[in-house]
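Just passing along the structure, written as structure tokens.
Just so it is clear, A, B, C and D label the chains in written order, and each chain counts residues from 1 on its own.
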Amino acid sequence: MSALPFSKLSAPLNALIAAIGLMAVAALTIPDMAGRTRLTLEVLLAGIWVVYCLQLIETLITQRTRGVRDRMPAIAVDVLAVLVPLAAFLLDGTRDQSLYCAIWLLKPLRDSTFFRLMGRVLTNEARNLIGVTSVFGIVLFGAALAAYIIERDVQPDKFGSIPQAMWWAVVTLSTTGYGDVTPQSFIGRVLAGLIMMCGIGIFALWAGILATGFYEEVRRQDFVRTWQLVAAVPLFQRLGSAALVEIVRALRPRVVPAGTVICRKGETGDRMFFIVEGRVSVATPNPVELGSGSFFGEMALITGEPRSATVSAVTEVSLLSLYSVDFQMLSKSSPEIADIIRKTALERRGAPPKA
Amino acid sequence: MSALPFSKLSAPLNALIAAIGLMAVAALTIPDMAGRTRLTLEVLLAGIWVVYCLQLIETLITQRTRGVRDRMPAIAVDVLAVLVPLAAFLLDGTRDQSLYCAIWLLKPLRDSTFFRLMGRVLTNEARNLIGVTSVFGIVLFGAALAAYIIERDVQPDKFGSIPQAMWWAVVTLSTTGYGDVTPQSFIGRVLAGLIMMCGIGIFALWAGILATGFYEEVRRQDFVRTWQLVAAVPLFQRLGSAALVEIVRALRPRVVPAGTVICRKGETGDRMFFIVEGRVSVATPNPVELGSGSFFGEMALITGEPRSATVSAVTEVSLLSLYSVDFQMLSKSSPEIADIIRKTALERRGAPPKA
Amino acid sequence: MSALPFSKLSAPLNALIAAIGLMAVAALTIPDMAGRTRLTLEVLLAGIWVVYCLQLIETLITQRTRGVRDRMPAIAVDVLAVLVPLAAFLLDGTRDQSLYCAIWLLKPLRDSTFFRLMGRVLTNEARNLIGVTSVFGIVLFGAALAAYIIERDVQPDKFGSIPQAMWWAVVTLSTTGYGDVTPQSFIGRVLAGLIMMCGIGIFALWAGILATGFYEEVRRQDFVRTWQLVAAVPLFQRLGSAALVEIVRALRPRVVPAGTVICRKGETGDRMFFIVEGRVSVATPNPVELGSGSFFGEMALITGEPRSATVSAVTEVSLLSLYSVDFQMLSKSSPEIADIIRKTALERRGAPPKA
Amino acid sequence: MSALPFSKLSAPLNALIAAIGLMAVAALTIPDMAGRTRLTLEVLLAGIWVVYCLQLIETLITQRTRGVRDRMPAIAVDVLAVLVPLAAFLLDGTRDQSLYCAIWLLKPLRDSTFFRLMGRVLTNEARNLIGVTSVFGIVLFGAALAAYIIERDVQPDKFGSIPQAMWWAVVTLSTTGYGDVTPQSFIGRVLAGLIMMCGIGIFALWAGILATGFYEEVRRQDFVRTWQLVAAVPLFQRLGSAALVEIVRALRPRVVPAGTVICRKGETGDRMFFIVEGRVSVATPNPVELGSGSFFGEMALITGEPRSATVSAVTEVSLLSLYSVDFQMLSKSSPEIADIIRKTALERRGAPPKA
């Protein structure tokens, strides 16, 4: 595995490589470019292609052990990223060869959880999105028809047919407004004003549907993710499933790299932290380390005093943070867990103080 | 019925026919077109007109049995779709004849539930939409007045009267910005900047009202639709009306065609399924079929293990799916139903495993 | 009162008169207009002015009895609508006289509840709106500064100073894009791309703040309005304040003019109705009239059957409607009221059937 | 402290000074300006610089006592605001000197809580915003590539390379639409239409994410702020933490300057007030003063009668207001507190009446 690290390239690095490759593709289309620069860029593309070859080989090797089906899209992207430029190189003798590397545009889709999220939102809301899109289509055709009838005699070169009028209609309905075609007659301008208003309305519906659908999907995914983390904190395992749902809603997951200062002495604190995995160091006179399952920063929530010590991450730490507002709500719905937190806080007060 | 299948054309097919017809209408307005192409398109229009005639006849026959009133709009659309082109053909001798087929733009409105939904949203929010529209009108007039006063001496040909200035104002307020008319004076440009900001604000209000209204109406319709499906699942019939409301909120309806793989062995599962109607096949060593009223996929929710078997639809299946997050919430509010699901899961573990 | 009906002009009529007046003002600015048309329009303006005089007089008379303070803005608008055109007529001898009638733009503000609503939203959200507006200002200045530095040597006539560059910046940041000024250099175009994206982000924040604020204010106002209506329905007076809050949230007020068909025999019904004021007629074999405090349409909610009779309004009727989904929720939280409704439904079944 | 009031300049005043400074910077870039005006503006800049020097000195002095770390950003802004123009004056001999004062653009960031709020929202939503931005990037590159292939032969001067086509793509995708570059071919125009629609969709996602994130953060901050104020009202201290959470949600904080009329006799009242700090005067026949911890305006909520007396602020008053709708909800969840309010109302009825 250590000899073939390419498939383990982190998502940001992968995205960066793809971005560099695509910029080179873009640069290569500039007509009057020195032969030397051109060569450099082509070598760069070849280099990225080699990296992608290695990545593909490793993906194929490591995937053998796992179920192929789950990683099918990743493998498909990797195969295309290698084969399409190769085929272009072998078959297409023109200068357009490098354009085929634009297939690397698919590379970021390979690792991203965001695109999967987007896909789900589009699937869930498909019915409404199709509905709004067909409203868009109907308004578009109606606008083009009306503009054609109104303006065809005034500007026969620009509104001489419905397809021509449709170009004006789409530019207006999306409020893009290139200005290459504008109605000249009074009626035509009133029509244009109405279409702009329709455009804003359709846009607004689209925004509302996407925003709502997106928000619900994110909320659901966050719940599932936090749920899995909460299971790793012993304190929460005593809770019934009702109280668990409450706390899962209230907690916010976060991963910090080793060395990060999580809270600083003297700051006012508006949240406490539970450690899912990793270790933190509390900078008291005789420093203490806390490990998985511990919590800290609870004093600030209970007393409202500033943080009594700086806490920093010793290893990469996976945290769940609980905001003051949610702690109060938790106290209400599951008093038992709030009591445990309060007792620990009192004990720690007597013992060497913690953040 | 089988001899006259036209009124049973599914909504997508109906929309497709209308779209083809409208494209032909658009194409026929292109001035320099070969007589042959023109003839082909006109024959195409005639063909669609015949289909619509048959559809109308069938609609009239089948509607006799039902209450006419409920289907009134559908019949009106069908009648217009036939009569308007006919009247145009008989009365209008010019080349504009084919334009009258644009009445087919109404055809998609005939079947769509989305347009009914839109209509309700617009009715519910009418008061607020009128309010925002009148703000739009007031700002528009104010902007045109101010621009007229500021710019009339600088550009008398473009801001020479309030109606002329209003053209600039509507193009600016909707942030379309054709650029055919722009203020030249400093004050005029400051005014333009302010109007653009107002435009964005008005747009934002419109978006907010439509998005909120749309979301509420969808939520209400979903509830009613799911409610009817839930009634068909015996498991839920033991619940009191309070718990019923909860579960109706939590379930999501979905229809899959025969042959679809609903869940796949080895996948991680985040939801379980209830069968409203239809049959599914569970691909265990000795395959099992489950029918209406059964549920499957519950193991993944309870144990968090990957799916233990692939389940695919034997017939068209109407499903209700319950996400992991909602299952937890359901456990809280109606423990009885969660218990039944858990017990079945345990029995199935002993018995041949299911997804 | 009956001799001076002008202050009782309904809001839509008032808005219409103002709109006609403003259109006449706009038309009068068209330079080459026949003297005759001009005269007609001026007479029209004079006529509206007389109506507004009478309206002012009546407002003053009727207001004496009430507290002046509450109606102050209305009186101020009425006084200005009369005095400003008068002053213009007396003092300004130019053709701009009629422009002063644009003060009538304020007239719709006089009666509209929407503008009061808008005012409240803007007040509530002032802090956030100012914040976003200052972000807008900072980005605008930064963009103009950067564009000035980048483009001043390339296009000294268009980016020769920061104020000039600011014109380009505001047109770009609001995504209006007139196109009269565009960056030519590569860096300038990259900058433009970034500014457009910032513009969309700022716009999005604005939209979010206004939409949220608007929604909350509407929700609060609806509650207050419905609360007052609920008090007039005896059935609800038995409820404790907790259950009252629930039902007020669930009910939706609606006013229908005399003669309206409220529900039609054979339709599927998704809501029931409570009569706040007015009378409805139920078209059963021996028709029944129901008055204030009664309810109808409950059968459809309980049995799911289609409406059993057509109900129409005898007088103007103020109704509260309760949707099926909310009835289920009400059954859960206040079973007593749901029971009363169910019992009445059963009695009516035995008795002559109702909708 | 009183000798050095500069660091205590209120945020609005600070913003005003910065705005004046920036306007002077902008004005100084206008090429043909009289030497005199130029001198005046330069003196103005120098004056602001001196104010900022004094502000820096005071900030440093007063900060010594407090923890430096918390105020680090403020100090950094103050230092930069002084040093950057100074360095420019000493090192840069050109007319661009004054441009460096644009660093004052940072000054409003120094005090504003809004920018901190914005920062938090962007941090919380970073993952989603990056996701949407990368969708934007992918669509942008794809659009530029397609436009390059389609239009390079038609308009080689405008679509001659991918970077050139990208300019058109970003202008179209953001619906800015300068109109300096537009596709001419039919396919190119269809592509443009699709890109506009994508642009609207991406914009909508952005809006949804920012709006939702913003709303949640505001809600959380409001809770914390109100929570601190509620602690200062003795009436609320008897409540358990569960009821406290409820009331904190329901109350809305507000600060009014001395002399403000808070409610007016005869108005209809839709809220009551709790005094956190300061004193108000109730204008009854023998006027009463109420201080911190008192409440007033409760009669209007209970009886629905108009306000019985005018109440105005004697000092600056920090208030918490409770709307009618929230009072009803409070009555439901914490009857004890509603009872106290009702009893006080009854006592006051017997005693000299209050608002």
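The working rule: a residue touches a chain if its C-beta (ideal position, glycine included) is under 8 Å from a C-beta of that chain, and two chains touch if they have at least 3 such contacts.
What you see is a predicted model, and the numbers here were worked out from it, not measured in a lab.
Colleague: With residue numbers as the basis of comparison, which of the pairs B-D, A-D or A-C duplicates the interface of A-B in over half of its contact pairs?
Modeller: Selected pair, repeating A-B: A-D.
Colleague: Same or different interface residues for subunit A and subunit D, judged by whether over half of the residue numbers are used by both?
Modeller: Because under half of the interface numbers appear in both copies, subunit D and subunit A meet with different residues.
Colleague: Just curious, how far off is subunit C from subunit A if you go by their C-alpha centres, in Å?
Modeller: Computed value for the inter-centroid distance: 37 Å.
Colleague: Whole-Å distance, subunit C centre to subunit D centre, using C-alpha means?
Modeller: 26
Colleague: Tell me, which residues of subunit B touch at least two other chains?
Modeller: Subunit B, residues with two or more chain partners: 163, 175-179, 203, 207-208, 211-212.
Colleague: Note which residues of subunit A are touching subunit D in the complex, please.
Modeller: 15, 19, 22, 25-27, 29-31, 99, 102, 105, 108, 112, 114-115, 117-118, 133, 136, 163, 167, 170-171, 174-180, 203, 206-212, 214-215, 218, 264, 266-267, 270, 323-325, 328-329, 331-332
Colleague: With touch defined as at the start, can you tell me which subunit D residues reach subunit B in the complex?
Modeller: Contact set of subunit D toward subunit B: 175-179, 207.
Colleague: Per the contact definition, I'd like the list of subunit A residues that touch subunit B in the complex.
Modeller: By the definition above, subunit A touches subunit B via 67, 69-70, 127-128, 130-132, 134-135, 137-138, 141-142, 144-145, 148-149, 160-163, 166, 172, 175-179, 182, 186, 189, 192-193, 196-197, 199-201, 203-205, 207-209, 211-212, 220, 223-224, 227, 241-242, 244-245, 248.
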